[in-house]
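Could you have a look at this structure, given as structure tokens, before my questions?
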Amino acid sequence: MKLAELAQHARAELAGLGDVEIESVTDLEHAHPRALVMVGDARHLASAEASAAGALLVDSQFPATHKPALRARNLRAAFARALAALVPDARAEPGVHPTAVVADGARVAAGAALGPHVVVADGAIIGDRTVIGAGAVVGARARIGAGCLIHPHVTVYADCVVGDRVIVHSGAVIGSDGFGYAAEDGVHLKIPHLGRVVVEDDVEVGANTAIDRGTLGETRIGRGTKIDNLVQIAHNVTIGPGCIVVAQVGISGSATLGEGVVLGGQAGVRDHVTIGQGAMVGGQSGVTKSVPPRAIVSGYPARDHRQALRLDAAAARLPDLFERVAALEARLAALERGGKT
Amino acid sequence: MKLAELAQHARAELAGLGDVEIESVTDLEHAHPRALVMVGDARHLASAEASAAGALLVDSQFPATHKPALRARNLRAAFARALAALVPDARAEPGVHPTAVVADGARVAAGAALGPHVVVADGAIIGDRTVIGAGAVVGARARIGAGCLIHPHVTVYADCVVGDRVIVHSGAVIGSDGFGYAAEDGVHLKIPHLGRVVVEDDVEVGANTAIDRGTLGETRIGRGTKIDNLVQIAHNVTIGPGCIVVAQVGISGSATLGEGVVLGGQAGVRDHVTIGQGAMVGGQSGVTKSVPPRAIVSGYPARDHRQALRLDAAAARLPDLFERVAALEARLAALERGGKT
Amino acid sequence: MKLAELAQHARAELAGLGDVEIESVTDLEHAHPRALVMVGDARHLASAEASAAGALLVDSQFPATHKPALRARNLRAAFARALAALVPDARAEPGVHPTAVVADGARVAAGAALGPHVVVADGAIIGDRTVIGAGAVVGARARIGAGCLIHPHVTVYADCVVGDRVIVHSGAVIGSDGFGYAAEDGVHLKIPHLGRVVVEDDVEVGANTAIDRGTLGETRIGRGTKIDNLVQIAHNVTIGPGCIVVAQVGISGSATLGEGVVLGGQAGVRDHVTIGQGAMVGGQSGVTKSVPPRAIVSGYPARDHRQALRLDAAAARLPDLFERVAALEARLAALERGGKT
């Protein structure tokens, strides 16, 4: 693809010769004359100029380059778009693999592609242009929208709903029973889970993530939210649109995340807590009570991030403080003994 | 089902008209005239009375209601039983799907149901009324008891034993090798794992949980214990009966949990530690040494929960303490300089 | 097998009669006359001597035993080797199960064994003596080396590379997309992940672990590294050879681990951090900045382990410190009021 055409795909400004032929995006180390190389830091411009790269992708604020370049206000967005433009679409051809088992009462769009050993149970619906990878299982009456990419070994339990353009990575489980029991005479009596999971449009769910169904109602993942690998989302959780949930986060039952919340890796959220719109939670934090909108919290228990940093810094000087107090005690005792001051 | 009949299923006391027809349990928001709505808090009674609900499920201590009601001493248990009574049993019909692969030497009870692409290896035994979901794999000589529900994509390794009425959610792995190596000249020599996992009756195992087999002996999950999603249980762990292990907990090798232990989400337990009967461990805690029976511990390292709360509270006031010490130092220095006392 | 022969397999010194017939290794509790029992602690020698064990495996430093014995300098290594020698090789017979789906363009070595419902996509290569368990999926152009053991339900995404003698446990996912998005007008634009995962020789990957592919380049797991269950390894991470990564660890994007690094369970590593050769990170720690070679760190944020222990100890005495400061304040105020001391 010519650089000029790529500029349009990347929504970037072309600087220099637009007829350079570009076939891939590489990092600096693997640059070659048909490669576009992104330069994220102006200090790396010189080495990028000296490399074999055919063209550069730079921030529009950077100084002019000798090599042909795409200049972008949002460098990462242009990078994402350039990559998407250059990747051949590897989606499988439409059709149902002969080893797939599709129940008579299921409806699979003609444009969908079902891989080997896929199972689609009775009453399930698979939308157009959706790809279901090998061995994935779609339970009874579950609905998968259009343009989805469901990777191998995904399980969607009965009655769950997945929107359009959703990507689910291998081993993710959508709709397992919530962890709810009634204690009675020392026995944990299982509470049947009759609710469902609703995954809205444009969500991505990482590998081996688990999302439990609601007890009666829904567990809901808002539009455009991105969930990393090995995340636990309990029953009746509501996640707003545009959230970022990093790997190994655990969200307890009935917690609510507003729009655009960011949860750092391995963070935990207590049940029934609300995290306000645009709030950010640091990695490994423990959110034990509700967080206001746009707050930035960290630590255990999670508190205002600057406050948490202050506490960490203070804690690091604690042995010193013990020494200071011991010195004070000695000096004060000397004074009290009537010693000369 | 008539409310009077449901009262018997729920082991609750009927108050008011028993011939109300109930078809489902809903939350308040989705109430309708054939719905039973649970009211867990007396403050919500008024809105429940005003709702479209056909009947209420209330605590036996609550004031009398205008609507017909089930009054229960153990509200959650009655809720669980009412739900179970109203759900049609969705278990698959007995039989082996034609795409399942069952080794000649395996024994599958006539009343068992094996879904599409299930694999049962040589010498394995599947009990009566057990349902094995699509694509699940049961290894050689493994035994699954009666009345179990094994969801899609579960893996049970060779020689492992699963009791009766066990539920295992999708992606769970039972019997993977323990993480044991012998260090020799900088190489990690694998220690073969010849033991097994024994999952006793009435256990539930969450989605994508991993339970490693013993090195020589067993990893054992006690009767009626409930394990949430994404939990790690290492080799030779012994978990007593009736425990609750919340999501993303990690239990290291050879640790022992007594009866009725509760581990909060994301907690970690060091190897060879013993947690006594009835002890509770807070979420995200790190148990670094044995915990006595009935203790409640939290934090890292886990300690008595009240003590942990005191330490957290003290830590939060640490910057203040630094200021107080600095003030003391200044005042003491003033005194020492011969200031009036 | 005679004890003398087992001594050679275990690379241990024979003491006493070499013609004792040994058929298994057991723990002390299950000892029998044809069992070898390892004694790891000299205090247990007496009970081991009194047991039914046919022979003992002891440290070469231990006193002489009455029973025939294998005496080893590296007890665990001898244990590992003795076990391996006594276990019949349970590897499946070579061949492709009739239900496996192998693309025409895939190359499967004649000596490989593909179980039921295995899927090998176009252009993939499976090496000699490699066993692929039931339902595992190998993506397009992926390469699996020789002598590997890929357990059921493993997913290897397209283009990933797995070396020789690699063991991957059930549910592990190799090559899922990294968690990378470009923020633009409140939308998270997916960054296509065109890189791959390279797993070098002799690696072991635990159950339900997820390893993301590089954005452009590689995520690499070094030779002989052992990874436990439920571990998250993000895009573009580089793990050196001989590392130990315990269960539920999370390693963020572009982090680098040198040779022989040990990460304790549930530890987290921030993105772009480097952990030097031979460093050890305590369980549940949070590594927020680079760690020098051979350092031992723990806590959050991770710091020198002895320092972390000191801080923990100081924190535990914090309520006491508050009391001491309050006492100082009272005494100082008394002095300041001019009270005689």
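Should a chain be cited, it is by its letter among A, B and C, assigned in written order, with residues numbered from 1 in that chain.
Please note the rule applied: a residue touches a chain if its C-beta (ideal position, glycine included) is under 8 Å from a C-beta of that chain, and two chains touch if they have at least 3 such contacts.
Treat the numbers as computed from the prediction; the structure is a model and nothing was measured.
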When subunit A is superposed on subunit B by its C-alpha atoms, the rotation angle in degrees, nearest 5: 120
Equivalent interface positions on subunit B and subunit C, same or different at half: different
Separation of mean Cα positions, subunit C and subunit B [Å, integer]: 25
Subunit B, residues touching no fewer than two other chains: 99, 117, 135, 153, 171, 208, 230, 248, 266, 315, 318, 321, 325, 328, 332, 335, 341
Contacting residues of subunit C [partner subunit B, same complex]: 24-27, 29-30, 74, 76-77, 79-81, 83-84, 87, 90, 97, 99, 115-117, 133-135, 151-153, 167, 169-171, 204, 206-208, 224, 226, 228-230, 242, 244, 246-248, 260, 265-266, 283-284, 312, 315-316, 318-319, 321-322, 325, 328-329, 332, 335-336, 338-339, 341
Interface residues, subunit B side, partner subunit C - complex: 99, 101, 117, 119, 121, 135, 137, 140, 153, 155, 157-158, 171, 173, 176-177, 179, 181-184, 186-192, 194, 208-210, 212, 216-217, 230, 232, 234, 248, 250, 252, 266, 268, 270, 286, 300-301, 303, 310-311, 314-315, 317-318, 321, 324-325, 328, 331-332, 335, 340-341
